[in-house]
Amino acid sequence: MTQQQLLNNITIEFDPRSQLCEAASHFYKQGWMLGTAGNLSVKLKDGSFWITGSGKSKGELCLDDFVRVYPDVYPEGTEAVINEAIAPQFKALKPSAETSIHQVIYEIFPEVCACYHVHSIEANLVSNFVEGDELPLPALEMLKGLGVWEENPNCTMPLFTNHFHVPKIAADIRSYFQSNQKKQTQVPALLIRNHGITVWANSPKTAFHYIEVAEYIFRYMVAAKKAGI
Amino acid sequence: MTQQQLLNNITIEFDPRSQLCEAASHFYKQGWMLGTAGNLSVKLKDGSFWITGSGKSKGELCLDDFVRVYPDVYPEGTEAVINEAIAPQFKALKPSAETSIHQVIYEIFPEVCACYHVHSIEANLVSNFVEGDELPLPALEMLKGLGVWEENPNCTMPLFTNHFHVPKIAADIRSYFQSNQKKQTQVPALLIRNHGITVWANSPKTAFHYIEVAEYIFRYMVAAKKAGI
Amino acid sequence: MTQQQLLNNITIEFDPRSQLCEAASHFYKQGWMLGTAGNLSVKLKDGSFWITGSGKSKGELCLDDFVRVYPDVYPEGTEAVINEAIAPQFKALKPSAETSIHQVIYEIFPEVCACYHVHSIEANLVSNFVEGDELPLPALEMLKGLGVWEENPNCTMPLFTNHFHVPKIAADIRSYFQSNQKKQTQVPALLIRNHGITVWANSPKTAFHYIEVAEYIFRYMVAAKKAGI
Amino acid sequence: MTQQQLLNNITIEFDPRSQLCEAASHFYKQGWMLGTAGNLSVKLKDGSFWITGSGKSKGELCLDDFVRVYPDVYPEGTEAVINEAIAPQFKALKPSAETSIHQVIYEIFPEVCACYHVHSIEANLVSNFVEGDELPLPALEMLKGLGVWEENPNCTMPLFTNHFHVPKIAADIRSYFQSNQKKQTQVPALLIRNHGITVWANSPKTAFHYIEVAEYIFRYMVAAKKAGI
């Protein structure tokens, strides 16, 4: 591990919230976290994670706008359990309504320490390009940025139904990855129909790149469909 | 009420113009207040409201570019009445040509204290997607940002004819909401054909979010139509 | 004339170049003056005008990147004449290749003191929407920003053929406006096919707004065509 | 040569990396170097060149993120040879995976001293507009910005197949230009299918303009196709 990587890790351990504020501000400027949409989290070494609070303007987050969630026990990721899991000093601030999705991602992929969810227009559009639960991705060179290092890659992204009750989405995600346990996930990302993308990575910086690259691919797909190619 | 909410209210009461300058500058950068288009207002506790002056560049407003309107009497919202209603020290500056629309919104919704009107390209486009006076909105997760908390919501936005004489538009709006008095408005926003969106809220910050979310939905609708989905 | 208008005029008279640098930088950021494309000019009281030099990056102009042209004699706007017309201290810097178009505009419209020419993608696209020499404009509320104050306005913008030899374009423009002398020009703007828009106004600020509004209308037209409405 | 040109050259000779950081940051903001995509290089007088390191975020490069490559020997541009060619003090940092393409460009065009490669969505799209190896370009005035000074120019851009093994792409490029040695290249740019554009120029500033103008033309082509013109 280089000194820089070491320093990055130390920063993450001590307080990842500034980095999340910066990422959210950037995503807001891209139009991916408008209103109060989207949520970002980073897991700490003790297994707890910082996540953006509910109802906050993502373009102007400050350190007080995060909730630290201690998911020691989360049998089925219900909202009740999540509320139990919040550290007392943050009880006044509600964690993101989609906290259960972050919890499930950290549960399924233990090596993951960052989980980002944003709502781009293009992610919503491509989620309506197919009827099934797998979205085929075009063979762009940029797929390398999602970790796909193949000649003419043929990959898909899992696509979930949007439910009003978010823990139901989380349960679908857990169930999908558990039943596909032996199948490698092709890309570290999933879509919820009409509800945006979620990516996960072993560092906040890589999660940031994954969002960028996935959104690039969605923009390409939308433009290709409009141009009829 | 939290201390922050209290402080926000105090700021609004004392002078909301800086916040309006900032919002206008942001909307200008999005391309929604180009030239001198659009107008923003905030109502004070005495029932008067500050509104952007006519013919000002919205990207670079200063405090002197606003007019304070005292609409104690506004029988049918004519321009003559509006001119009467302007405080003497601001007679030199004309209030926005669309002041009568703001007046009607404050009249119909007494709890509202901010009313924003911008001219995006997408708002103009979607206003031509239907012939009637109701625009159906897609069931995006982002609708939550307009206060719609339902599974697969099925909602519409009212759509008005553009008249050269603005008080005629204002009269149509009053008449629409009066005749639908018992029907809940589904979203705090209305469209004027070829003339942009108007939103209203109980705080400037919420009005800002409503504009963002509504414009997001319009961009989605335009892109979906272009992509044929 | 208000004190502010007076001050604006004094600034223009003394040196309008800073204002042109700022406008060019803004247009560059919009993608309308990429590479070294486009040119801006402001006329002074003595009939001479400052114009951007040829081959300069429009996103980062400085005061030395302008040429002052003294068009006392310009029989048919040839390049030779233009070179004659340049003040000696600026002979090293060539004026914009399209100086003859600015000269013709100042000649036809004596009250005009600013002329801006930019190359947007949308201006190029709409110039290919029709085959004739008049582009119909949609009846958007935003047309008010080009000085069209009518109910459901029905207006067009003149459209010229692009010639490699720019003075030939300039001659076409002079000829068009001379033969239509009695007809009011509907909007203070013209298009050259595949070559962008030129606007003129009685102040640099108004020319800036005209560019913004015209480009807004072109973007609307392109999007409406793509969406099939 | 003017004093400014002289100073530019001196800067380039002494250290072109700051200029590359700035260009990369700008391209990143345009969405052309997202994730860690793209690479920029500048050749020095001794024939070596500075190139962006592999896996770096292009929006926030610093001087340490570059590798200096000494291509004294590069028989067929293999990766092995490139690794040999890296100055010892930079062995820790890998040069861009596409270094072999830069090497070939500097080899074919000895007067070139800057080579830029970016990944726009539009470059990917237009690379799928034709099946052959030449992309026809529209006759826009903006083509002058790529050095095409003709009435109604009729030009094309060479288009290469994307191979997973980059030196194979480099070999195709060398072979194409060697077999077309006597044919003038029409524009200083080439496309790789689904993999973006590469431009070359005799100064970093001109390479920057070439990228801007080429991307402008691609955006026009995509929009024209979407609008059906």
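Order as written gives the chain letters A, B, C and D; numbering starts at 1 within each chain.
Rule of thumb we're sticking to: a contact is a pair of C-beta atoms (placed from the backbone, for glycine too) under 8 Å apart; a residue touches a chain by one contact, two chains touch by 3 or more.
Please read these numbers as outputs of a predicted model, since none were measured by experiment.
Student: Same or different for subunit B and subunit C, where same means more than half of the interface numbers show up on both copies?
Tutor: Both copies, subunit B as well as subunit C, present different residues to each other, with under half of the numbers appearing on both sides.
Student: Which chain has its C-alpha centre farthest away from the C-alpha centre of subunit B?
Tutor: D
Student: Once you find the CA centre of subunit A and the CA centre of subunit C, what distance in Å lies between them?
Tutor: 47
Student: Rounded to a whole Å, what is the gap between the Cα centroids of subunit C and subunit D?
Tutor: About 33 Å, centre to centre.
Student: Residue numbers in subunit D touching 2 or more other chains?
Tutor: Correct list: 226.
Student: Are the chains arranged, by touching, as a line, ring, star, complete graph, or other?
Tutor: Contact pattern: a closed ring, each chain touching exactly two others.
Student: Taking all chains into account, which pairs touch?
Tutor: Once each pair is checked, the touching ones are A-B, A-D, B-C, C-D.
Student: Can you list the residues on subunit B that touch subunit C in the complex?
Tutor: Result: residues 31, 34-37, 57, 119, 121-122, 124-125, 128-129, 162-164, 192, 194-196, 222, 225-226 of subunit B touch subunit C.
Student: How about subunit D: which of its residues touch subunit C in the complex?
Tutor: That would be residues 138-142, 145, 149-152, 205, 209-210, 212-213, 216, 219-220, 223-224, 226-229 of subunit D.
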